[in-house]
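Okay, so chain A shows up in both of these, paired with chain B first and chain C after.
Let's look at the complex of A and B:
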């Protein structure tokens, strides 16, 4: 017999109102403006844009406010929002070579052309709590150099390419289709375009742990941070009705070029290989982790034995998405009353059977 | 309309690309102010939009290799037709529809050589100036964080 159970409407309605009140906190404290989040919690906003796979600072800030600072919930809100909009098309690939950097470092070449530009970084801070920030009213000003940075900074890879010490980067045929996991489900083995898209929107914590695992020996590939750059690039698009490229504005991106060791194979001499990370906003940890995992996922292509989780395409690509993961884990909170009843009946039955067998054995 | 068309000088593509890029980055207030300053204002109708949608942002593996999708961005576009026959189009990141409308109107007006000089002077030049100044300030602050290495001579070395 199937019994439909209804109820809980009022409880749900009241729970949502309680959520709203709790979200607001003490009314004596001024309400948070989303512009404050955009300006002062920039890295949280950037992370939500990246994992929400939607570049829109205002919406990401709104999502963070709505989710009470739960960044995975905020990414979920952006993913849901994007499904309400039509896609006009795809932009031209961004030219990160022309990035107007605020930060650019290489840990492989000290005297990299263009220099080591530290930018707004936590590196070299002492990680001591700064109690002066607890008081309002600070207006720090950054020093200004009289000489600006060089317009285009060369890529680190270019330096090694000249000597053939690193694998070449092969551009694709301009008209080749680009895999899109928001339109087609992933086929295995997945091409690098689909893998990179998956990683670009993947959970930072998951990718960080996987990247870390490769460093600790689970699929070791001896990484160096060849280059990390953070800055602004123009976004170009060719509207069909115009027939020529126009700029839609600028987006902030973080790019990481990881340089890894490679022993060589029957076909290829020993040379360095690459892992690549490109993420919305200022997201260094994520871009670096992405580059480590991208390189690890190239194991098969480079003739390496797949032995570690980070090298396993299905394991990585099926579990990297925080929205999918949270959906499946958190659905366990929903009523499973009937499921559980059937399990209960089953276990009771098994215990009775088991008891009978034991009783018989004792006789 | 045909009168206007014959009078119109062929607009160089590069010019239009440049002003569309500037209009896409112009602050909404600057566009609204410039529109308010127009006298007389042209009649127009919206052919499409203003409407908000998505553009897929793409990168290349290794910076120059295989293309891949990074994620989408919100974009708002608009196409207008002026009563005198010129049409204007705008595309810009974000969700500001009013801004998209003004940008499309100015794209149409800028194709009219008789109006272009004034709009260049009153709208585009100040906007470009502000954008360049802001960028330059950021670049100079970043430049101040560039590391100057110096070598410390080892003790006992010559």
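Let's look at the complex of A and C:
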């Protein structure tokens, strides 16, 4: 029995100690160093940074170790830490045109200015277990290209924009305030800045399923992967006392621009529209799913009828957060016996009444 | 963090270093207190607030914890209950959290507490004017089961458009011969807003009415705060010919013999034998101290020893 007994406090303490022991595993196996996670489980670290919405590889690795590899639990640890940090301002918009890419592909054109850059991808690997990895080996060396990449790679969207084939990107006024969903509760309908924030830290599995559902006809929007790029950008910030931008450091990002069909409306001729995804680290699946869902959520703005879950703002934004979702699902483990007792009293009463009615009917 | 910062209150001795008194920073507390003031000014109205991510999971009482953290001071005495009991695992965990980050005195005695944080129950012992009852709320919206959309339910509250709720209650009467809600039974506050009392059994609903204590409700995941000021009229929804009633038991508490308290049903052996005991552990203990005895005062001794 885990409730209504004295000794609950000791039981909790002992459970924590057992957790710590189990986390360590067999002491004959060397303990995992967080640097190993940072270097060799980079995609797990990236996912935790993204959903934990805190860019810190070392802390994300620590969280993964502490959570025994439960990535949602790790994101939660990071979030709970992040919330205690002081906010000193918002960064300047990052210039992803100037991204130093390790990977950049477009599926809408055979070749694009700046070239297709495959980079480190699983895409064309054959998914055969590589048994040689089970043993320690040396680090394989990748060949180095002799031709350097262009410094600035234009986005594919910009090329289409010149022809008016795609909706233009109109930047906000530079000083327009950016919503912060970690500080204020969401108002509906939510603006795109808040929606994108929500998606960027949303659960990868949830967004993946929603994005997939749009492809299968639940809010279909005919997507093409206009461009996917992965690389490093500089983060700039303007301190009030200086009045000009200084560089705070670099962050690794994955950006996806979806190009979607739009049949046009009474006011607008047919034109391609966009869905956008931007995520911390190397997270292609997440960035693509995010772009699909972002486009689906623009249904109202583009005059489309909202018919599918992926187009429904409240449905998507209220349920995308893995930390919130896991909390509320798992809280069912907490005692509920008082409410259950109320239900028992109610159902028993109704059954007695029901029996009386049936008995009367039989007479 | 720097203890000399104007946003920090010096932590009490023996509390966790690096965190502000009550865990939340002072700016966050101020934001929450503003929401609380608004909530008190408009009884039963759900005030949106910038709920923070807490080091305890959503669903574990993050709303209640943030409210408590914003109103608690070093002189306060805190009681935490879950299902009416001070020793349920989550109550123990939350009490420990405040002991760690605020270093305040804690108690199991309802009458000795200045702040009582609760999940799913209102204490049996009547509260007094100097007390605050903080409820943990999972779903603050009483209309949620009738209308899933927040934009729509907010509009319904604004226009006091509560027909759907009345129809829902009527349909239950038509179908089951009664209003078939055992807990989270909706109430009307101060003749205006329909409010969720949180998932307390309807047995506790009458205690909300005209209570001398301040009642605060915090929903962390849903980011809402609401309140019932002291001595406010709170009415459980019903019909003239189907008046509101509370649960009754044929049994008395096996431990203390109480017939006026909410009873938990505890299964004590493999054959499904059960005893009924007070859900409010402090109330039950108090009665036993006063010499009251139930039919089987040692009924739970066997299960209690098998604790951890």
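We take it that the second predicted complex is superposed on the first by the 356 of 363 C-alpha atoms of A that agree within 3 Å, B and C clash if a C-alpha of one lies under 4 Å from a C-alpha of the other, contacts with A are read in each partner's own complex, and residues count from 1 in each chain.
Heads up, the rule we're going with is that a residue touches a chain if its C-beta (ideal position, glycine included) is under 8 Å from a C-beta of that chain, and two chains touch if they have at least 3 such contacts.
Being a predicted model, the structure only gives us computed values, none of them experimental.
In the superposed model, A:124 makes contact with neither chain B nor chain C.
In the superposed pair of complexes, A:54 makes contact with chain B only, with no contact to chain C. Using the contact criterion defined above for the overlaid structures, shared-chain residue A:330 touches chain C, although it does not reach chain B.
With both structures placed on the common chain, the touch criterion links A:314 to chain C but leaves chain B unconnected. By the touch criterion stated above, A:12 is placed in contact with chain C alone, chain B being left untouched.
Using the contact criterion defined above for the overlaid structures, shared-chain residue A:196 touches chain B, although it does not reach chain C.
With both structures placed on the common chain, the touch criterion links A:178 to chain B but leaves chain C unconnected. For the contact definition in use here, the residues of chain A common to its chain B contact set and its chain C contact set are 82, 86, 182.
Of all residues in chain A, those touching chain B in their complex are 49-50, 53-56, 58-59, 82, 85-94, 96-97, 100-103, 110-111, 115-119, 142-149, 155, 157, 169-172, 176, 178-182, 191-194, 196-197, 200-201, 234-235, 237, 239, 241-242, 244-251, 253, 255, 257, 274, 276, 278-280, 294. Residues of chain A that touch chain C in their complex: 1-12, 14, 76, 79-80, 82-84, 86, 182-185, 187-189, 314, 318, 323-324, 326-331, 334-339, 341-346, 349-350, 353.
In the complex of the two chains, the chain C residues touching chain A come out as 19, 25, 48-55, 57-60, 62, 82-85, 87-90, 92-93, 96, 119-121, 138, 148-151, 176-178, 180-184, 199-203, 221, 223-224, 247, 249, 262-266, 279, 281, 300, 303-304, 306-308. Across the interface of their complex, chain A is touched by residues 13, 17, 20-21, 24-25, 52-75, 77, 79, 89, 91-95, 135-147, 149 of chain B.
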